[in-house]
Amino acid sequence: MSTQVNVGVIGAGRIGKLHAENLAYRIPEAHIIAIADVVLEAAEKCAADFQIPSAVKDYREIMENPDIEAVIICSSTDTHSQMIEEAATAGKHIFCEKPIDFDLARIDRALEAAVKAAVKLQVGFNRRFDPNFKRVREMVAAGKIGTPHILRITSRDPAPPPVEYIKVSGGIFLDMTIHDFDMARYLIGSPVSEIYAAGGVMVDPEIGRAGDIDTAVITLRFENGTIGTIDNSRKAVYGYDQRVEVFGSEGMVAVSNNTPDTAVYSNAEGVHSSLPLFFFVERYTESYIAEMKEFIGCMQQDKKPSVTGIDGRIPVVMGYAAIKSYEENRPVKLSEVE
Amino acid sequence: MSTQVNVGVIGAGRIGKLHAENLAYRIPEAHIIAIADVVLEAAEKCAADFQIPSAVKDYREIMENPDIEAVIICSSTDTHSQMIEEAATAGKHIFCEKPIDFDLARIDRALEAAVKAAVKLQVGFNRRFDPNFKRVREMVAAGKIGTPHILRITSRDPAPPPVEYIKVSGGIFLDMTIHDFDMARYLIGSPVSEIYAAGGVMVDPEIGRAGDIDTAVITLRFENGTIGTIDNSRKAVYGYDQRVEVFGSEGMVAVSNNTPDTAVYSNAEGVHSSLPLFFFVERYTESYIAEMKEFIGCMQQDKKPSVTGIDGRIPVVMGYAAIKSYEENRPVKLSEVE
Amino acid sequence: MSTQVNVGVIGAGRIGKLHAENLAYRIPEAHIIAIADVVLEAAEKCAADFQIPSAVKDYREIMENPDIEAVIICSSTDTHSQMIEEAATAGKHIFCEKPIDFDLARIDRALEAAVKAAVKLQVGFNRRFDPNFKRVREMVAAGKIGTPHILRITSRDPAPPPVEYIKVSGGIFLDMTIHDFDMARYLIGSPVSEIYAAGGVMVDPEIGRAGDIDTAVITLRFENGTIGTIDNSRKAVYGYDQRVEVFGSEGMVAVSNNTPDTAVYSNAEGVHSSLPLFFFVERYTESYIAEMKEFIGCMQQDKKPSVTGIDGRIPVVMGYAAIKSYEENRPVKLSEVE
Amino acid sequence: MSTQVNVGVIGAGRIGKLHAENLAYRIPEAHIIAIADVVLEAAEKCAADFQIPSAVKDYREIMENPDIEAVIICSSTDTHSQMIEEAATAGKHIFCEKPIDFDLARIDRALEAAVKAAVKLQVGFNRRFDPNFKRVREMVAAGKIGTPHILRITSRDPAPPPVEYIKVSGGIFLDMTIHDFDMARYLIGSPVSEIYAAGGVMVDPEIGRAGDIDTAVITLRFENGTIGTIDNSRKAVYGYDQRVEVFGSEGMVAVSNNTPDTAVYSNAEGVHSSLPLFFFVERYTESYIAEMKEFIGCMQQDKKPSVTGIDGRIPVVMGYAAIKSYEENRPVKLSEVE
């Protein structure tokens, strides 16, 4: 019989709380021993809410706690790679939020450390665990659409984050499109070799002044020949828009948005239905649980996670290729930014 | 601050386990003290799975436990009304699965006991808590469709229960349609005065030999003039079919089935999408949690449940009217079966 | 090679004009020789619009014209049966709008006359030629849904006709439901044996004062065991609502409304799509052409029409059963009104 | 009162026949005087089918016929520009199928000739008259989606044309995407300034050997800032796939495919609906009629067509930019190919 896995959570911000709640209430196989946050009150609040025995300010207490088998890294991006190294050195399994880092050398060091320590490393590309996208992947993998020819991803947020966040976000390609880059790789099952990114500031000039763009259309060329497009916007007034479509020699599979209900209301003005679920917390509720279940299960059954360190690295490379492509207005090979 | 409510669960069958799991993992405000089942092993298994401190064979241990504030009655139907009386006498709040009883006099005694003891009594018409049906009710109540004229309910199971179950089920109208009778009352917000039921044995002759039917089409007349129809089948090969539509002077609102994903697959043969969620456990996952959250919340905030004893009684009356109508092939007023 | 069929049109009202236009511009195999209307100006207008050589006041000129092979009877209902008899006597093939008559004896005489004269008689149940309903029938006939168990028809008009019309319409069951009675027979392919009709005045009290109702829910029992429901309203504010669903042992097939476009508009308030096509002229454009093409084709190829005299008679019988059922509030066998 | 417009049709191939049938049977305001085809039998067949008095081999008989007010040019592409010049010189109004020519200088001469002769010139971009796309344009023009940010066009054929045709087609961008280039301009209402085209041979290596590609993904930059993508395939096994979506600051509008019926069939395997209408003849039936009605109406009311010569020229320029972009794998400004 498998016993509970003892985990420590680092970071009690929005995503840290989300993982803590899931670990506490949805995943009986996990037991949270401690939670750390540089703002101690945040950690303490989380501990109280989710019955976590210990709340600490310094994440090193988690690294050094011999009872903790695995760490859930939900702190700010600039701390991820170092924490991975430390956790690996401490022999702890690692779940790390995306992106691992904005620096490829640091990512490489972190990945190496995990390999050397032979600990499991899973990166938080939760959308792979969404029932819609999983279904698409399964159908593509099963050959239902034949050879893939065209991939279309629409990924639009309901509202942009604060400009202060945007300034440190790494830019739209590394902050937002990174999820779609991973989705593209996951759905097609082939590496991307070249990227062309067009974009602009259409939503808010403040975002432009912060040095970023808010709207983008990206063309991907896969090694297996498939051509993909991603379109991103920081603001869809109708809510979180998360759709994909894969077209191939034998058919097409597409998924649309999820809604809170299936109500269709017809009156003299038209036929009306509900908006998509508002944002990632509502939309990806189940996928956050599923990715964490997989992580805990990998430890219990000593399996390799399906989304591992290299899957965290490649989308960052794609992000750099997109940035370069946007800046130089030309297609850029991934090999150019390695 | 509200403290946890201590509950005891009676019955560790399918629905008892479902409620126990929800109370254990989804409703932090509740704490299960004990679970009882005539098959002790079932209670023990449940206790182990959901970290319940005590598993007992005799439900009276729960009734007599002074720490238990509320009981969740999930035992067989023939025990419900007596247990309600005993729980009321013991001063415990009561959540009882539907139907309360097949005998109106026993229902009345049970309801009276709960009133006299001033305990809360909530009946398990979970579908009222489903986001789809709630949305329809909200829109009807808000006058979005004007005055309701026509109600349509489609309610079809994916597969009939075992014939042994059917023999003790009370028949399709009291076992299956009872949920739709409640839904009809809930959606329209007006009492039903007359019922006409047509039906037959179309799915399985064994069901006919057991004295029941498996397919029914029921016409309802509401006191406010609305006319409703319900259609039931014990077997829809494509899965659990749960749809409603309310049509009125200013519009219509309809809800369709929920599916596990939104995937649409197009190939040379056609356009294909996913079947509805299989059965009530999958389809009404959220509504079971929501009804239990409401029950716990009613105790914490000393509120009256929205689905109470009388809401448990009326659908039984409607069931008897439907049976009489089917047998005599004529519309039957509810007053005829009181 | 088939030559053109020479036809005469009787009645230049809304439906007469519609058939004349179709015969003139959509059916090259037909040639309209003359059009008659008691209001000569109406006939003349029609003749001018659709290049018809002759416009007359007296329909007998059409009956007596030896060049005319077939008549299209679109005059008022009270003239249908007599005109069928006259046309049959004159050896002309007959297309007659529904209903043939409100009097069964007169219908029988008309049908007999057509049989005796060995002329073709097609009744204008155009909806059978609608691509949606044809597809449902084909799938049912092909056994795709197995044995039919439940039929649901929703048939709602966008707005009631003038009360003056309602007074002479024969009432909702003979004027409006008659189409659905035919559809029910067509889809299931089995006779209806018993009808239960509930209804009321919900749309407009004027309709009640005219002795009619405007809302109805009808239960049908078919000889093969299928149970059906029809719901009718004289006023759906969102437009013409024409849906059917057949549920059986192996599956279900359903058709929804047709819309002028597939546009889906999402804004901050919701997701909005277009209303159904407004009324029968817009909705059944293609079916009116198709039924007339079939009629012309039957003459060219000497085939029997698929909707013949008996198909015009039975829905009238069903209408009388529905009226009796509504008046006596009990299920009525068709044999009671023969 | 407007009298009939006398027209001559040049070309009795697939599209010539289609226009001739529409003019003959759907547009009473037009009268076809003569039809010409280099294959006289084809012209004669058409004349017989659509009651056209004269069938000729030499199109110049149409140009020289003083009774003919307008010509419908449906001959092979290489003859279009010369015929426009000749028709203009003869003072006849001109409807010309797309593309006008593959040579910009010849297009310019043809356009100039039409301007000088002050004859109307309409180019056959029929999709603008499709109810779906018109609705999108209307909503965009009405500001319903605010400022457009992203345009998505999916345009996939059910099957590639014969390789012999492909060899003379001008290539996918000038033969197939040209319609989407026009649609892009029409929907956004702003000129395109730059194009990036990715593509490949995925459907049939024969197409590659013929020097063409069969799959393409194109990025468009509009002068007003909108970014668009078009994806094309010569072969969608599920049929003709014609969808567009415009996303903007205040919302999104999207249109999906049209189907022959709305039937939805549910069985134990899934939920199945009908494939899109097969190809352009079925899909754009109404738009072909509507564009011709507009052309005839423009003459009757002396109005300028909404799709004129310059609208025929610009998509050709866009096609050359796409070719250059594909060949050089870089974004190409339209000004580079002028």
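For clarity, chains are labelled A, B, C and D in written order, and residue numbers in each chain start from 1.
Note that in this section contacts are C-beta pairs under 8 Å (C-beta built on N, C-alpha and C of every residue); 3 or more make two chains touch, one makes a residue touch a chain.
None of these values were measured; they are calculated from a predicted model.
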Winner on C-beta contact pairs when A-C is weighed against A-D: A-D
Longest centre-to-centre distance from subunit A, chain (CA-based): C
Intercentroid distance (Cα basis), subunit B paired with subunit A, Å: 39
Length of the line joining the C-alpha centres of subunit A and subunit C, rounded to whole Å: 58
Gap in Å, rounded to a whole number, between the CA centres of subunit D and subunit A: 43
For subunit D, residues contacting two or more additional chains: 236-238, 250-252, 266-268, 274
Residues of subunit B that touch subunit D when the two form their complex: 236-238, 266-268, 270-275
Partner subunit B, residues of subunit A touching it in the complex: 25-26, 28, 131-132, 134-136, 139, 144-145, 250-258, 260-268, 274
Touching residues on subunit C, where the partner in the complex is subunit B: 146-147, 149-150, 152, 154, 156, 196, 198-200, 202-203, 215-217, 219, 221, 225, 227-229, 231, 233, 235-238, 241, 247, 249-252, 329-331
